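Below, subunit A partners subunit B and then partners subunit C, in two separate complexes.
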Partner chain A sequence: MPRLRLLFLLALFPVMVAGAQLGLRAAGMEYCLTQLTMSVYYALVVMGLCLLMGYAGQVSLGHGAFFALGGYTTAVLTTHDFSGIRACAGVGVLERAGLLVAQQDLYGQAGLSVAPWAAFAAAMLLTFVVALLIGYPALRLRGHYLAMATLGFTLIVSKLLLGSALTGSADGIHGVPEWKLLPGLTVSGRSALRVQNYYLACGLALLLLLGLRNLLRSRVGRALLAIHDRETAANAMGINTAAYKLKVFVLSALLAALAGVFFTHYTGGIAPSEAGALKSVRYVALAAAGGMANLWGVTVMSIALNYCSLRGWFGSYDNAVFGALLILIISLAPEGPLKPLGLWLRRLAGRPDPERRTPHGAP
Partner chain B sequence: MALLEVTDVRRAFGGLAAVDGVSFTVKPGQIKGIIGPNGAGKTTLFNLISGLLKPDAGRITFRGRSITGLKPYEIAGAGLSRTFQNPSLFLQMNVLENVMVGRHCRTRWGFLGCGLRWPGQAREERAIREAARAQLDVVGLAHLAGWSAGALPFGQRRMVELARALATEPAMLLLDEPASGLNTREKEDLGRLIRQIRDRGITVLLVEHDMSVVMGLSDDLLVLYNGRPIAEGAPAAVQNDPRVIRVYLGEDLQNDESGGDAPPRAPATPPATCCSR
Partner chain C sequence: MQNESLALQYLLSGITKGSIYAVVAIGFNLIYSATGIINFAQGEFLMLGGMVAVTLAAYVPLPVAVTGAVALVALVGGLLELAFFRRLRRHSILHLVIITMGLSIVIQETALHIWDEKVRSLPYFTGNEVSSVRFLGAAISPQVLWVLGTVALAVLGLHFFLRYTLTGRAMRACSSNPEAAMLAGINIPNMRTLAFGLSAALGALAGCVVSPMTMTHYEMGAPLAIKGFAAAILGGLGNPMAAVAGGLLVGLLEAASVSCLPAVYNDVSAFVILLLVIFVRPQGLWGALAPDRVREH
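Take a look at the complex of A and B:
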């Protein structure tokens, strides 16, 4: 049964992805793929939050900042002119190894910048270290210390980005070069590569979805759920709860940074609003809208709602919409709107609710 | 040689000494019971042994190795598993998955291997499932494997919790009031099951309120009163110990000439004279 469902989803996802693309082409609205691609990258952040909040039960208000950390690290390294360090020993080696590449800035000035692959590695490494530093003290304690620590982190990061000339202050960074991932596969916002990038983002999302699904259906996933449910009992059953909470926090931060790196190369820049506290709250709202511990639901919901937001459907009420969404879901449907909807459909089809089964009613 | 050796363990909450210098040993292969009136420190003692609380003083050794101050998960890994007074199942999982969590400390694949579903990890996952099923068979609940844990009645939750503890392959099992809340038939089943577990070579230490269960089951008894041991030995001998009788009849040890070492902070029973005015 689970195997059949997996095959179904594996087939359904590409069909939906391709259907959206072909439909938009037929309607002459292929330009919408740009916003759809951006929504898919945002969805990667929410997938990480789903793991952290829905499964392990830890709240983070810092995922916008991790997204920005990944994006800004890449943006700074790939656009900043490092030709000043040419004189240093060893730079030649880096250049020959392909870590440093000659770049032209917006005005055609030649410079020396870090290659996107190396910048990506640096962004992930930096995020790894920062997440470890924030998570280690906060996750040894029980309760909502992580939410507070990550909120503080978000405020610091957004102030630093706004105040530093290196990160372009309020303007952010523009002119981030495209990233040649593989021959014939480039992360770029050029309109000629729009379809390719759409499929690239969806493929990446699918790969991560499958990996996370495997993870959650293993001893690691069970350990995370156990921690969420009863931390004391989980610990007494042999689970190193502090280590697991830290690992899943770092993993979800890395997912957010990964999304930030791809997003920055795709849109060619990043702005400080990405690191704002409201952005982090939005990710939490999206995770709640998808049902928290529901990987597929969270992905679909966050793609759909972010797309609406990016198309400007919510107008100037954008942040208010996500705030209201969070309030409505927590007060009316704490499990998200998808699960009650699914149960209702099941009942309509005459199939019993799996939740309501009791041993007394057993055949 | 003793399997578990508790030496002069103490733990206070604020000014109250909940466990006040308890020493005892558990020999391999026996069922040892700990009894005592409410507030005697039984559950605190269990929490100290299983690592949920750290002792203020004293030493606990298990299989010849000190486990004093270790984390609960390390103690579970060392082969000392426990159940709780109120069954604490993971309610978001089904019955089988609950027992599978018990295999955690005997399995090893981490985040990367599980995410990539490495061949060895898939094999291990199957082995976890089979072992959990086998433990459910032991407690007779294999037919409920797919049910949501929250849907089970109290007695069955307790059995699932026992299966989960057994799944950690313990050398010794700590059972915190396993018979509380069970009906007479369930109590009989439980007694049979605990003996069966002992016969499989797992030592059992249980805290129990229900005297009928503990007297018939235990090879050896320890009686606690106000955080201190007042008697230890075979059930028949302990049952006839005058101090134990007095504790259970509610009389104060202070008035007992043989109870010189009894805690002085026990609330004194009002002397009969003050009432016969």
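Take a look at the complex of A and C:
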């Protein structure tokens, strides 16, 4: 049964993805794919958060900041001109290894910047270290210290980004080069590559979804579920709760940074608003809207809602919509609005609820 | 002499800021000990207090405006509890904490749409922007005295309320042992509403007295909340008087960091303190480590 369901979802996801693309093409609205691609990248952040909130029972208000950390690291490294240090020993070696590449800036000036792959690695490494530094003290404790610690982190990151000239202050960074992922596969915002990038983003999302799903069905996932249900009991069973929570936090931060890197190469720039506290709360809202411990639901909801937001459907009430959504969904349907819908469909199909396993008429 | 008065000036500014953080920290504590919730909307109470008072001050004399703002925001705090937290008994603490995050955004956005993104402020309670009082060689604004006096009075009042009145004692009983308090006939849900209302009122009062100096802006809540929370953790969650000490400490450390580091880092220092404290002494400086008192999250 679970295998059947997986196959179903595996088939459904590409069909939905391709259907959206073909439908938009038929309607002559292919430009909408750009926002759809961006929403898919945002959904990667929410997937990580889903893991943290739904399975480890912790809230992070720092995922916007991790997204920005990834994005800014890669943006700074790939646009900053390092030719000033060409004389230094070792730079030649890096250049020959392909880590540094010659590049032309906006005005046609030749410069020396870090190659996107190397910048990506640097972004992930930096995020790893930062997440470890924040998570280690905050997650040794019970309660919601992580939420406040990460909120503080967010405020600081957005202040530093706004205040420092290296990150372009309030303007952010633009002119980030495209990222040649593989021969014939480029992360870029050029309209000729729009369809390719859409499928690239969706493929990445599917890959990560499957990876996370497998992780949750392994020993690690069962340990996380136990922690979420009863931390004391999990501890008594010999699960190192602090270590597991820390691992999940770092993993979800890395996912956010990964999304940030791809997003920055795709849109060609990043602005400090990505690191704002409201952005982080929005990710939490999206994870809650999808039902927290429900990877597929979270992904679908976050793509849909982010798309509406990016198309400007909510107007000046954008943030208010997400705040209200958060309150409404958590108070009315804490397991997400998709779950009751799924149960209802199941009942329509004459299938028994998996949740209600206590047989009333059993002998 | 020059250096001494400069140091004194920084000390005073640290105490002023610290007293505001102390009020926010007390607000956190009141709600935390009554419900186990960390209320992310705590900073919004200060913003609302300031905004309402500024609006009222256009029509009525200042003392009436401030009183009205405090009463109105207390009402808002109590209503929030009635509307959300009282109904959601079966939700986990995690869910309730997330709801406070949502409330924080909605309150902020509502404020943005009711008022606008302009910075507002109440008039100085006595004197004006340039009047100052000489104090041991340092110049302080009379408003600083208002802030310190009001905060001190509020803290003392709260202390007496919690210690010597029946309602206050009932509130403390709720936080130390809800089951026993219930058996003794205390209406716990009402105590929780009261905790929210009281916490909101304190926040609004603080929001009013700092408004002439720091201005009121719809986005001012979150930074205050994070520092107030740092103060509450530093003092030890669940202990309102330790929160005062924690608040003053955070304020002084911030003033010290302003005096020797670029301004960008003054938020960074509060945050580093928060992490260091959690790292070294998770129960806070004056808190007792009592894991059983923490509800299962």
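Following the convention adopted for this analysis, the second predicted complex is superposed on the first by the 358 of 363 C-alpha atoms of A that agree within 3 Å, B and C clash if a C-alpha of one lies under 4 Å from a C-alpha of the other, contacts with A are read in each partner's own complex, and residues count from 1 in each chain.
Just so it is clear, a contact is a pair of C-beta atoms (placed from the backbone, for glycine too) under 8 Å apart; a residue touches a chain by one contact, two chains touch by 3 or more.
The structure presented is a predicted model; accordingly, all values stated were derived computationally and were not measured.
Trainee: In the superposition on subunit A, see if there is space for subunit B and subunit C together, and answer fit or clash.
Mentor: Subunit B and subunit C fit side by side in the superposed model.
Trainee: Please indicate which partner A:Ala138 is in contact with in the superposed arrangement: first for subunit B, second for subunit C, both, or neither.
Mentor: second
Trainee: Based on the superposed arrangement, let me know which partner A:Ile239 touches: subunit B (first), subunit C (second), both, or neither?
Mentor: So A:Ile239 only meets subunit B here.
Trainee: After superposition on the shared chain, which partner residues are touched by A:Pro340: those of subunit B (first), subunit C (second), both, or neither?
Mentor: neither
Trainee: Per the contact definition in the header, classify A:Leu160: touching subunit B only (first), subunit C only (second), both, or neither.
Mentor: Once the two structures are laid over each other on A, A:Leu160 reaches subunit C alone.
Trainee: At the CA centre of subunit A, how far apart in angle are the CA centres of subunit B and subunit C, to the nearest 10 degrees?
Mentor: The angle comes out at 70 degrees.
Trainee: Return the chain, subunit B or subunit C, that is in touch with more residues of subunit A.
Mentor: Here the partner covering more residues of subunit A is C.
Trainee: First (subunit B), second (subunit C), both or neither: which does A:Gly312 touch?
Mentor: Neither: A:Gly312 stays clear of subunit B and subunit C.
Trainee: Of the two partner chains, subunit B (first) and subunit C (second), which one does A:Gly23 touch, if any: first, second, both, or neither?
Mentor: In the superposition, A:Gly23 touches no partner, neither subunit B nor subunit C.
Trainee: Let me test your reading of the model: by the given contact rule, A:Leu326 touches which partner, first (subunit B), second (subunit C), both or neither?
Mentor: Touch status of A:Leu326: second partner only.
Trainee: For A:Leu278, is the partner it touches subunit B (first), subunit C (second), both, or none of the two (neither)?
Mentor: A:Leu278: touches subunit C, not subunit B.
Trainee: Who does A:Arg230 touch here: subunit B (first), subunit C (second), both, or neither?
Mentor: In the superposition, A:Arg230 contacts both subunit B and subunit C.
Trainee: Pick out the closest CA atoms of subunit B and subunit C after fitting on chain A and give their distance in Å.
Mentor: Nearest C-alpha atoms of the two chains are 9 Å apart.
Trainee: Going by the contact definition given at the top, which residues of subunit A touch subunit B in one complex and subunit C in the other?
Mentor: 230, 232
Trainee: Where on subunit A does subunit C make contact in their complex?
Mentor: Going by the criterion above, the answer is residues 53, 57, 59, 61, 134, 136-138, 140-145, 147-149, 151-153, 155-156, 159-160, 163-164, 230-232, 277-278, 281, 284-285, 288, 316-317, 319-320, 322-327, 330-331, 334.
Trainee: Taking the complex as given, what residues does subunit A use to touch subunit B?
Mentor: Touch residues, subunit A against subunit B: 211-212, 214-215, 218-223, 225-226, 228-230, 232-241, 247, 251, 293, 354-359, 362.
Trainee: For subunit C, which residues count as touching subunit A in their complex?
Mentor: Residues in contact with subunit A: 38, 40, 84, 87-88, 91-95, 97-99, 101-106, 108-110, 113, 222-223, 225-226, 229-230, 233, 264, 267-268, 270-271, 274-275, 278-279, 282, 291, 294, 296-297.
Trainee: For subunit B, which residues count as touching subunit A in their complex?
Mentor: Residue list for subunit B touching subunit A: 50-52, 71-73, 76-77, 81-82, 84, 88-93, 97, 100-107, 109-111, 114-117, 121, 124-125, 128, 143-144, 147-148, 151-153, 156, 164-165, 168.
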